[in-house]
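Here the structure comes first, spelled out in structure tokens, and everything after it is commentary.
We call the chains A, B, C, D, E, F and G, going by the order they appear; numbering starts again at 1 in every chain.
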Amino acid sequence: MEGILNIILLGGMAVTAIAIAKMRNLFVVTMLSGIYSLLSAGIFVLLDAVDVAFTEAAVGAGITTVLFLSTLILVGREAKPRQFRMQAILPFLLVLAVGAGLIFASLDPNMPRFGDPNSPANQRLAPEFLADSVPQVGNEAPTRVGIPNIVTTTLASYRGYDTLGEVVVIFTAGIAVLILLGAARRRREDEELEGPETGAKPEPPKEDSRMADASKEAPGS
Amino acid sequence: MDIWGQIADGASWALLVAGALFCMAGGVGILRFPDVYTRSHAAGVVDTAGAILILVGLMIQAGLTLITVKLIIILFFLLFTGPAATHALVKAALSGGQMPLTGPRGKGE
Amino acid sequence: MSMFAAAIIGVVVTMAMALLRALMGPTIYDRILAVNTFGTVTVLAISIFGFLMGRPEFLDIALIYALINFAGTIAVLKFLRYGDLGRASAEPDEDI
Amino acid sequence: MTVETLLLVIVGLPFAGAILILMSGDRPNQRETVTIVTAVALFAAVVSLVDRVGAGGTASVTVVETLPGLPIAFSVEPLGMMFALVASFLWIVTSFYAIGYMRANEEGHQTRFYACFAVAIGATMAVAFAGNLLTMFIAYEILTLSTYPLVTHHGDAKSVRAGRTYLGILLSTSIMLLLTGIIVTWILAGTLDFRPGGILTGKAPDWIVIVLLGLYMYGTGKAALMPIHRWLPAAMVAPTPVSALLHAVAVVKTGVFVVLKVIVYVFGIDLLNSSGAGEWLMWIATITLVTASVIALTKNNLKARLAYSTVSQLAYVVLAGALATQWSILGGSMHIAMHAFGKITLFFCAGAIYTALHKTEISDMRGIGRLMPFTLIAFLIGALSVAGLPPGGGTWSKWYIALAAAETKHLIVVAALMLSTLLNIAYFMPIVANAWFVPRAAKSVGAMAAPVEAGGLKEAPLFCLIPLCLTAAGCVALFIFAGEVQDFLAPMIDGLSTKAR
Amino acid sequence: MLAHLPVLQVILPLIAAPVCILLRRATLVWLFATVVCVLTFAISVVLLVQVMGGEPIRYELGNWVAPWGIVYVVDSVSALILVIVSGIAAVAMPFALRSAASEIEPDRLYLFYTMYLLCLAGLLGIAITGDAFNLFVFLEISSLSSYTLISLGRNRKALHAAFQYLVMGTIGATLYLIGIGLLYALTGTLNMADLAVRLAPLLDSRITLAAFGFIVVGLGLKLAMFPLHLWLPNAYTHSPSVVSVFLAGTATKVSLYALLRILYDVFGVRFDFEQQPMSALFAIVAVAGLVICSLVAMYQQNVKRILAFSSVAQIGYMLLGVAFATAAGLQASLLHIFNHALLKSGLFLAVGCLVLRTGSSQLANLSGIAREMPWTMAAFVVCGLSLIGVPATAGFISKWYLVSAAIEKGWWPFAALIVATSLLAVIYIWRVIEVAYFRPASDRPAGSPPATEAPLSMLVPTWIIAAANIWFGLDASAPAAITARAAKALMGAGG
Amino acid sequence: MRNHLVLRVIAKLLIPFILVFALYVQFHGDYGPGGGFQAGVIFAVAFILYALIYGLENARRVMPPTWLRAGTALGVLIYAGTGIATMFLGGKFLDYSRLAHDASHGQHYGIIAVEFGVGLTVASVMVTIFFVFAGRQRLTDEDPDEENGA
Amino acid sequence: MTDLIIGLYNYWIVIILMMVGFYIVMSRQNLVKSLIGLNIFQTSVFILYITLGKVTGGTAPILEKGIKLYSNPLPHVLILTAIVVGVSTTALGLALVVRIKEAYGTIEENEINRMDNES
């Protein structure tokens, strides 16, 4: 059952992604990427990653869609059609290279099969996490956190530092948006500075330079 | 208790299957109907009948727990979102210049 | 096959059909309609899946889907109607 | 003051002078006083160093250890001391001359000029007393960079182009070849110190020695070996004091000094002879000296002719190194000093003529001997010295080189030397002869009728005239006191070979 | 508290950033940020001293044992990078006071400093971590903040440059993530040391190879390895001066460090250079970058752009040292990381002064500027000479080691090439010097205001760096000792 | 049917409920799916919904941008501060075991504190971002000739 | 063969998604679309990781009495972080797009390039 659902949902994702690539109406693209997010969240549920599904739904289908809509209001909905150019070959080759690299890797017999409980990934660190018995430095007995949701435990404690980093990332994004768009009034420096050369406005000179004019000294004076 | 359990199971079965069928019917409608207005009718079926039936079926399975409360809330959301969205969409479609295929110019649904 | 499996198949088939409509268009409105339906059906699917897996507490996910779907729909509608998300829909004689 | 401190003072003094010059930028008199005082102080310091150390003594001082085993260090040896003496003395003279010349011609950017000049002299001192190849290389590059603003002094398109040629050739050869050579030496020998008898003996196969010699010889672009001599004629656009600096005081002298020093203290003449590396160098030097002389003959511009003459004379020194005998090294070392005095005299004269009469072309100089008798006499002495005829100091150095060539049975080289001397005469003497014995063309009389002064003399300012007389006298003095120079260099010559004697 | 230094190194700027948001007053924030940067620098120096005196320091975050938790590892390599990054950040801060104020609106200034600190924290985090995924997180912190910092340039091109960088950077980070994912699939662990152990028997696997490829390309994008450098010139050209200083001195170097870490500590020398032709690959990439970007730099009309292309070219030197696959080569690379950080930030500092006074970094606007701003231009010349590799400057030391390493390896043509490309540097640096010194001020476009010497708050940092260039050119024993040890550590780690 | 009225009423009903749900996700994250991040997003969605229905101005009045900015910073500070606190208690950074006598309890407290920090930052940032984007639209709209971006 | 198709099915889809996303980004068209491409690209990586953590027959890693087999929580944690990074990047990218639109009047990559080259 799960396998079939998995195949259907993933297939749906692939189809959606290809459709997104072809669409030009940005609004439609946004809607489709919402569907894409929902689908991927569905897959996460299937793959037992409920926390991830939770987040993906909230972020991918919710916040991101709203953000894209907000942007579309400001930038317009329609992407212009592109005629085929020779330069388009290069990205295509790059894409093929990336794909080939992954296919190459996937065909390796070591590549863990779907759901394989004996794969290294599921054997190495996971057992200790799942048993909630991870050793601490200087402790004989492994320390137990004692919270049922192992994802939360891992997230906030075992790899709590990553999560601190994550919070800082989102903090950074917030500040970044504030810097870029958070203007109390409309700024016009972009428009002003569309000339060929731009840059900061120079400060007016404060005093005459002492060495300003060494070239005009009269010889023999 | 046992008998009630069986009745509940039976009811759930019926509701879930009926809901699934409604959904599929709506899905077929969305796929096959000729224009946006008719499709919106089909969508309405999914949004309301399908959702109600399935969620109620699940509620019967869950019994009187927190889960049922959540299911009710979900239902509430769906019931509000669906029709409101359909309504507004049809209005937007009309003002956006989409002509219904047949019949007089309707006021939405 | 449990009843949940039966239901989920029906729901997933509906999802597929909605997805198809969303991809096919032809108009924007068709797509929005399909997306909306798709959201609803996904909520149903996840709800059922929680029961199917025997861990119905995952309903939280379905709940948040519904919530997000709701907010998202309002955002889309405001987008279509006003082209502005920050505007209050308070002006008289206005309906959404 | 210990000898070590004195050494540091000698190297540091010109740099300090440069800073002082920059600081007194807007007060010309103070600036020039600083220049002269620094120059005199430097010369005094070098003399006192010579006094302290004596001809045979050595001393060394490490400033900082850049990398383990690779210090920036200075040391004293006869060749360097001689070079430092010559350069610091000529700086005084050149400074006086520059004051006269720059003021008379109303040149701009004079502060930059004097400051860069001082830095260049400082770098020359550092080259002269460099204790190892790295220090020498650093100083060599500072010299290149500090003379660039001098070459492009006028700032017009032509001088900028010349500056680019100058910088391009010197920097590229030094970085690409010299530096590579130094690094290879470091890897082979494990040290970069200058040691009598060389540091490479037994460290490398012959073919590497040959390649390495090529790297050093062509890496030292300042030695102007053909075909990388282009920068030298190009740099003629600069004011005359700069040319004097380039040709006599610092730049090209540094080049040949480096050549000799590398041959003597890095390769060692024994290695050079045993590996056969000197052979090809000798031929190139020979070809250069003849070809450059011929080219000089074709030039009508006085400074250009002098420039090619310099190329030719430098090849003498390289040839001396390539011959790699005790006599040749002696001759080469002496030729550095001899040529310095001779060529600086010639350039001073050229500058004086330009200052007084604004003439640069030889063909215009007919009959000016009456107007500028002192200058022309000095010119004659300088020319004789450069050509290697009595009573110029050049006589001795050329003699020793020719002797070495004969000793090593390179008769063709001897013949080339003879030919070159003839060519020297051929391109210098007509100038003198024309100036004295050919009457001025009417056209040129008209052109300079006004400035001719009452007594019929139109000499350059005294600031120009006195220095050139001094250097001319120096040429003669060197002829007379060549024995002292020889004695002075003797310790180095003695240490040259382990086989000889 | 001494035991906590490794984490304080990163946490200090990380915590300072939100505090800046709370402080809000631009001057106050600047003062605070400066103090933080200086403290961070002090910490890194102490760490370096500690590491040079003994064993590498390990710090388990959350006290969880290594493969399960995240661990910080400070060894001689990372300590060196930490010192470089925090040092340049500290020097650039005083400079920012005037420079940033002239290029960024006053009401965004405090946000700017916040970003600056975040970027610093991100870069430090990359340099210190011993966990492959944690590296990704901090890579993203530094990337996001640098996109923002770059976009603050006043030219609209800055926005486009930032966007391009964002796309390229995200692709790079994602490719890195794929690589780490593949390694995780293969070994089930994320800790670098643990990865190395568990990867050792699996080196023949195709997954290892694919992961290797993804990581090299991913980090290659971040460090502007030659064909992947397209984002860099625009980004460095159009960003505010301080940002150019900071990023040019640190960002690509930290990414290169990350690449070295992964190459040597995870895959190991044997895999990189015996099983895989990394020597050849790096050599080709390095040479192509060196030559092409140096040539391109010669034709630019904007000083910042010249320097940006030169940065890409200089990365070629660093990669070339790695390509030699010897301890000497690696040492040369590390030395060049250090020296290039010094000289390039010095150059950008000087350009920052010029931009403040003339409002532009176009060559045409700088005619004869040396007369009005002698100190600034003198610093530029010093650092420029260092870039060329003139002796007695820091740049010479790294060239020296590079050439020695090339000759020791027997790759003579490369030795020649290193030297020859220095000459290209001569040309593009000399173009600037020529314009600034030997062209009359009247050549500037009409309407250009007269300039005066930059304020002391900017000159002093510039000259500190310029003096450092000379100092480390004269006495390179300290960096040489550190890098020698670092190179040995890296080479040894791979067995 | 005046939909906006219906909307407003429903929103009034819903938003408190959403907030409660957010709190539930926040503090129930130890036992079920969810946690600080998800809770933060839900919190943000509640405000976004408010802004969508009642308008940006009103939403700004309810949640002033200054508060939001402070919230963003405070969240990070709470997280990092927890780590610093453990350092002062003699442990390593983020070693929650030190927060109580018993390691397990300490861990629990630590996780709650940390998750709260995450939630605060995420909610504040998300709302900030939406406000900023939506605010930009208003600025643009008042200036119709901006449309062509000249 | 079935093993290759079914056992690695998720990887194949991941690869397709990755290529599609990457292509959208690389073909450098509309900036908003580039960002969506980036999203698709990143999502494919998420799926790769989550797939690695799936254990057949396992369930979500929330401990409960009576359940023995759980999926691997570590990839989930990593991907949670990655999602956050992704949305942060998207937000920043969109902010940049808005500013670019205001400054250039267009969000088509080729037009912007042209304008950049002109000035």
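By our rule, a residue touches a chain if its C-beta (ideal position, glycine included) is under 8 Å from a C-beta of that chain, and two chains touch if they have at least 3 such contacts.
Quantities reported herein were computed from a predicted structural model and do not represent experimental measurements.
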item	value
Most central chain, judged by mean C-alpha position against the global CA mean	E
Of all other chains, the one whose Cα centre sits farthest from chain D	B
Chain pair with the most C-beta contacts	A-G
Separation of chain D from chain G, taking each centre as the mean of its C-alpha atoms, in whole Å	70
Distance from the mean Cα position of chain C to that of chain A, given in whole angstrom	24
Chain centre separation (chain A, chain D; CA means) in Å	66
Euclidean distance of C-alpha centroids - chain C vs chain D, Å	89
Multi-partner residues of chain C (each touching 2 or more other chains)	8, 15-16, 28, 32, 39, 57-58, 60-61, 63-64, 67-71, 75-76, 84-85, 96
Residues of chain A engaged with two or more neighbouring chains	50-51, 53-55, 58-59, 62-63, 66-67, 70-74, 98, 102, 107, 111-112, 119, 121-122, 125-126, 129, 136-137, 148-149, 151, 153, 155, 157, 159-166, 168-173, 175-178, 180-181, 190-191, 194, 211, 214-215
Residue list for chain E, restricted to those that touch at least two other chains	14, 17-18, 21, 60-63, 133, 137, 140, 144, 147-148, 151, 156, 159, 178, 184-185
Residue ranges of chain G touching chain C (in the complex, touch as defined)	59-60, 62, 64
Chain A residues within the chain F interface of the complex	50-51, 53-55, 58-59, 62-63, 66-67, 70-71, 73-74, 136-137, 139, 143-149, 151-153, 155-157, 160-161, 163-164, 166-168, 170-171, 173-175, 177-178, 181-183, 185-186, 191
Touch list for chain D against partner chain E, complex	63-68, 72, 134, 137-138, 141-142, 145, 149, 152, 155, 160, 163-164, 167-168, 171-172, 175-176, 179-180, 183-184, 186-187
Residue ranges of chain E touching chain F (in the complex, touch as defined)	4, 7, 11, 14-15, 17-19, 21-22, 59-63
Chain F residues touching chain E - in the complex, by the definition given at the top	69-70, 72-77, 80-81, 83-84, 87, 91-97
